[in-house]
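Next up: some structures, all given as structure tokens.
You will see chain A twice below: alongside chain B first, and alongside chain C after that.
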Partner chain A sequence: MKNTLKQVFHSSKFLVGFIIFLAILLTMFIYPLVNPGNPLQMIGVGTFAKPGTYVSLYDATKTSTETLRLPDADEKRLAKLLTNEDRVAMVEWFTAMQISVEGLDISDTDAMIDLWKANYDPAVKPKGMTQAKRNYYKRLNNSIAEIGAAETLIITEKNEETGELEEQGKITKTDYVNTNAVANVKRLPLGTDNFGRDVLKELISAAGTSLLIGLLAGAVATLVGLTLGLLSGYVGGFVDDIIMFITNIFTVIPGFVLLILISYSIGQEQRGATVVALVIGLTSWTWTTRSVRSQVISLRNRDHVNLSKLSGHSLFRIILTDILPYIASYVVMAFILQVSSGILAEAQLSLLGLGPRTTEVPTLGLMMNWAMLYSAHTNGSWWAYFPVILTITLISFSLNLMNTGLDQVFNPTLRD
Partner chain B sequence: MSETKTRQSKDFTNAPMCLSGRGVTKVFGLGDKKTVAVDHVDFDFHVGEFVSIVGESGSGKTTLSKMLLGLLNATEGEIQFMGKPRDISSGAKKREYWKGIQAIFQDPFSSYNVFHKIDSVLLDCINMRGGKNLPKEKKIEMMTEACSFVNLKFAELTNKYPFELSGGQMQRLMIARIFLLKPKILLADEPTSMVDACSRATILDMLLDLRDETGMTIIFITHDIGLAYYISDTVYIMEHGKFVEFGKADEVIINPKAAYTKRLISDVPKIHEAWDLSTVDLKAE
Partner chain C sequence: MKNLKKILALLVAAIMICGAAAFAEDVNLPREETLYFAGQQWGTVNSWNIIGTNQNNSMAIAGGASGYRTLMFETLYMYNFMNGEIIGLLANDGYEWNEDMTKLTFSIKDAAKWSDGTPVTGADVVRTFDIGVEIGNGTGTGFKAYIASIEADGNNVTINAAVNEEGKPVNPLKVLDFLTGTPIAQAAWIDTVVERNGGDAVSILNDAGEDVVWSGPYTKYFADDQKVVLIRDDNYWGQDASMWGKLPVPKYIAHAIYADNPAGENALKAGEVDVCQQFIGNVQNLWLEDGLPISTYYEEAPYGVCLTMPTAWYNFNLPVLAENPALRKAIAMAVDYDTIIANAMTNQSPSFSEVPRSLMNPTDGEQALYNKDEVADLQWAGNDIDGANALLDEAGLLDTDGDGIREFNGEKISLNAVCPNGWTDWQASMEVVAAAGKNIGLEITTLYPEWDIYQTVFTNPNQTEYAIYMWSPEAASPSNPWTRVNQFMGSEFVGVENNWSGNWGQYVNEEADALLKKIPLTTDEEELKGLYTELTKIYLTEVPSFSLMYRPSLFHAVNESVWTNFPAGDDGRNIPPADCTDGYGIAALYELELVG
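Our next item is the complex of A and B:
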């Protein structure tokens, strides 16, 4: 046993898979301790806030400032203000005005603005340009003009009695606040989803739920498959015929269709994470049954089984002590694969809107479902679905890698 | 040949019957794929007799042995055990039957459950003989006795796994197991074909000792007619699922009647003579 474990951990494939899986598992346990709270709490009012650090503007204005004179501050400000589309539009204007843009670097903000100031004239009407387009250039010109202008912003507050605005403070371009000093700073490494929930927190909670669903589904599938396979293979005869009849029926019906039909007929209200896991488990045991059965058939006529029979051991005891230990490694591998496919099945089901009901827990599949319903994939909100896909892939990959590693240890013909 | 034989086979024709069969048949498969492995064989094994069943590979020896053990059901025929029709219709009756008949298999390496220690193999035997509630010291004493019968030291084997022993030691441990179980019949299915020549002689001697000590019937299955001649009282020659010849070992082997028996005898390699290959039909192979 000790030797086997040593061998298992000597397999580089198993080790890589195990480390990835352990890292995911540790994150799932540690992150909620560091960052507690309900993962389904809607913190954002809008949808799909971009990933980044959010600093409370209100608190920032109330925070004592430091003056920093950074040489490239203006340049950066300009660069941020002029979007890429604006820059392309500016080049279009230059071309329309027949000004040579050769050698002009679109990302060189200073050069762009200099060229713009030198050449823009609101009175000119280039041939073929619509009124709307010309208005757009006017607005663009205004905002470019403003960049250099206002040196100071004044914060005012309305006086309740007089109704006049009273100056509260000024913000100059060289004022900086330390983010550590601001009362409210929220880091959203993966932004928010369509409901304004912290995607990272949701993702970690969802990975946990999905893994539990996978484990439960895998355990159910392996247990059912193993029991039926052992009985069918060892007892043989009539029992074998009946079990194989049922198994064949379940094998020819596409499992996923069955899964969809069962999930649909259960109804949204009854469909918790546990129920979904059970349904997945109960529709995916057939292959385990078949392979366990064939393994048992090859085992049941071995001499040690015959000897055990001759020693007067009961059927139950022979299956438990003379058959099961010999196929244990195989069963462990089958279980790992079942967990992996259970997670995938949940994701598929949820993507179709047949997953666990949405009010209690997030799952990886549900997150993808929400992202899809709110068109995250078409409006460029990659953070709402890509990390989910990556997590599913990583879990599945690590489990399969462990399985392959185990296979190589237990099946010497596959060793490199 | 007879000059080198050290022991004479005894005559058991008048001894009480132990296991006998009439028209025992085993057919595998159906229709075109039908294979008759054992074809209407009759046999009478007597108490205390050392019987050899000799035949080449595929002649049905192992199928017959499985039927005798009750691990396979006969397609046809009747088997009598201790003068009464054998009844193995239920699990409990089978267990009762197996108290009377035990086996040693060909391959010692696959005969043991690799997850069980030697102690548990031997303890199982004591439990089966109804010694479950004996004090621990008594059990150890019995196991030590059984091991010393086969020249093994129990103190060295305890807490070891069977696969840590050599093939010969494993097969001897099997005999120790039989020594503890003391069945009426021992079915030894080519117990020496997987062990080296020295261990083979030791094991055969132990089987003879076991027979002499307990008076059990030993059914020895082998492909080696020389071995059968050396060891047995009665010999059954099996070809294509049928007994072509049987009788006292001396008579059958010194005056073989069936052509098959003659061929088997001529196939035994002799150290000082040229090997006679004239009976081997090379084209048929």
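Our next item is the complex of A and C:
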């Protein structure tokens, strides 16, 4: 046993797969300790907040400040309010209004703004200008107004009794706060999803659920496949005919179609994560049966099996002690592949809206389903679906890598 | 041999490409003369029969919530939901009621003509109503309870309202709905259809009506499973000075049939669609981030005019809901509406703190119809978990076995929250309702059946499968808000099979019924306000249903790559954002301009 393990871990493919898988598993256990709470909690009001660090503005205004005189601060502020495209658009407006722009330097902010303030009128409708463009100029006008805003902002609070505004503090352009000092800072490395949930937290919890679904589905499929394969291969004859008849029927019907039909007919109310896992398991056992059977057929006339038979050992004892150990490594590999395909099947089902019912547990497929329903792929919210795809890929990649590694160790024809 | 195969493959590919190109060129519409739509037509057009039923012909035959679509078939009057005006179309401006509101008179415009050149007369109006009652189409079933008969003398028409035992009209508001909501069909054409179907009601209703006669500015040009195109009728009577004085600007009205919302949205982004009647999440990103020439009716949230309120209805066939007003109110109080509005509607709706809940939509006209101070204590803005828990505790709905779920009569309270699959914003709303249940010790699970199944279940008056389910009440018409309030609480719909009309929860309240009967006959504004306030009190106390958001009945996002001068909130023209086609919204088509 020790020797086998040593051999297995010598395989670089297995090792890489194992490390990736272990890393995913560890994250799943450690992250909830660091960031506890319900992964389905809707913290954001609104859809698809971008990844980043969110600082409470309310708390920040009440945090003590440091004065930093950064040489490029004004420049950055200006660039944010008035881009080069905006400047070009301003010139377009002047031209449309037949205002002379001769000698106007587009990079001369003051001159541009003066000319703008002297001439812009939101009520004017230049001929042929679309509503969308006029709305743009209104927004631009607001930005320009901000450029000229006062050096100091004053924070006021409304006095409950008198109703008057009382000054509470001032903010100047050189005031900075240390984010560590602000009471509420929320890091959302992967932003929020369409419900305003923390995607990273949800993703890690979903990976766990999906892995459980995969394990359960894989276990069911392997168990069913193994049992039928052993019986069919060892007993042979009529039993073999019957089992192979059933297996062939199931092989002919495409597994995924069967899966869709069963999931649909179960109905959403009954479709918990466990039920979905069982359904996946019960529709994907056929190839395990076939390959176990063929392995068993090649084993059943070996000398040690015949010896066992002559000794009068029972059917189950022979299968368990004389046959199973010889195909154990194969079964483990089959199991790993079943887990991997179980995870994929759940994702596919959920993407079609036939996965586990929502609101209870997050799964990778459900995350994809909601991201797609909310057109995350067309509105540029990559963080809502891309990390999910990456996670699914990593899990099945690591499982497949481990499988290939094991294959190299156990399969004599592949052995170096 | 190998080469031969290659050549053959190339040849086949070339033929296929040529074939596809030839097919695509089938109807080549000049872009600068065509106005493209999205969000109305979702399948191959099946009928042009204006007096039939089961049509899916959304561009030509559609009674929208904001007025009838008058591209091809016209109504007597056009409704403008922006100011409540009723503007003459086939009929002259200014209809008149007699003193006790039992008779309404108006006259047909002299200029009004059918497409075959014959004049539109009062006889056409009479025949349209009579055939409707006879064969039971939408016009007939919708109005026979309110209109006893219609008489015509040349171009002068008199509508005799149906009267009750006391000799008072049943509902004058509904008579006004007839004026703005019923497309008039030609009497002679109706006779033709009746004759060729041997007078059989069912076959008349299902007649395809390919030979239909119309009065509107557009008519059918092309329709298949890819698109439907209407072409301008350059002989349209409306270019007479007594109506528009000109023809509508676009020569073609085209609607490609898209597979789903994202497909239509992408076409809008690409400038292939000019007017898009689809919900687009975070619509402001289209111009703020993508810099596209797209705009909505208002530049700021809520971007459109919210006229309706998608509502969650409680099923009164289930004892647990019927017998526990506290449970109904508690769920409604616990729901986080701000999340629904921000997530499901991406803020294209005012919140319930901005427009407190009542029976009214957020328009100023309706908001002025009830006394806000009197019901302020009864209103809730949502996400009030403590309040909801206290209410349930007080009502004795407790969790006695400690499993975290409250019980009623010894059974744990387990409800489902249902809406059709694929209706994304509604599904998200139901998720939020289910999450609220978790917070107040109720088991609420979401369920999204396919539309075919959903529609048969929720319109069945005896169903016990769905506990909380969504549907929208009426948006805007001359008879609103009465019609909507009646949908919320009127018992006339209770027990009606195949109920598409109202009160989908089967709620009965005699007091509310009595108040609802009085409103159509009340003209005094203060008295009307009193009645609506009483009804609002009953509604907010009994909570037979609860609205989840406010919502435009039609979405209005326009891409100005080709066309411009679409109606906008600040342009002072008062043309409603009704897809440029519905009610007075069609006025927009006469004022469009090409960009540049």
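The definition used in the following text is that the second predicted complex is superposed on the first by the 344 of 416 C-alpha atoms of A that agree within 3 Å, B and C clash if a C-alpha of one lies under 4 Å from a C-alpha of the other, contacts with A are read in each partner's own complex, and residues count from 1 in each chain.
Note that a contact is a pair of C-beta atoms (placed from the backbone, for glycine too) under 8 Å apart; a residue touches a chain by one contact, two chains touch by 3 or more.
Everything numeric in this text was worked out from a predicted model, so none of it was measured.
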Contacts of A:302 with chain B and chain C, given as first, second, both or neither: first
First (chain B), second (chain C), both or neither touched by A:42: second
Contacts of A:325 with chain B and chain C, given as first, second, both or neither: first
Partner chain in contact with A:103 - chain B first, chain C second, else both or neither: neither
Which of chain B and chain C A:130 touches, first, second, both or neither: second
Chain B versus chain C as contact partner of A:310, first or second or both or neither: first
Partner chain in contact with A:138 - chain B first, chain C second, else both or neither: second
Per-residue touch tally on chain A - higher for chain B or for chain C: C
Partner chain(s) touched by A:237 [first = chain B, second = chain C, both, neither]: neither
Complex interface listing, chain A residues touching chain C: 40, 42, 45-48, 128-133, 135-136, 138, 194-196, 268-269, 353, 357-359, 373-375, 378-380
Chain A to chain B touching residues, read off their complex: 302-304, 306-315, 321-322, 325
Contacting residues of chain C [partner chain A, same complex]: 262, 265-266, 281-282, 285, 287, 289, 292-295, 299, 336, 338-339, 342-343, 346-347, 416, 421-422, 424, 427-428, 431-432, 434-435, 438, 445-449, 558, 560, 564-566, 568, 593, 595-596
Chain B residues touching chain A - in the complex, by the definition given at the top: 69, 71, 91, 94-95, 98-99, 101-103, 105-107, 110-116, 124-125, 128
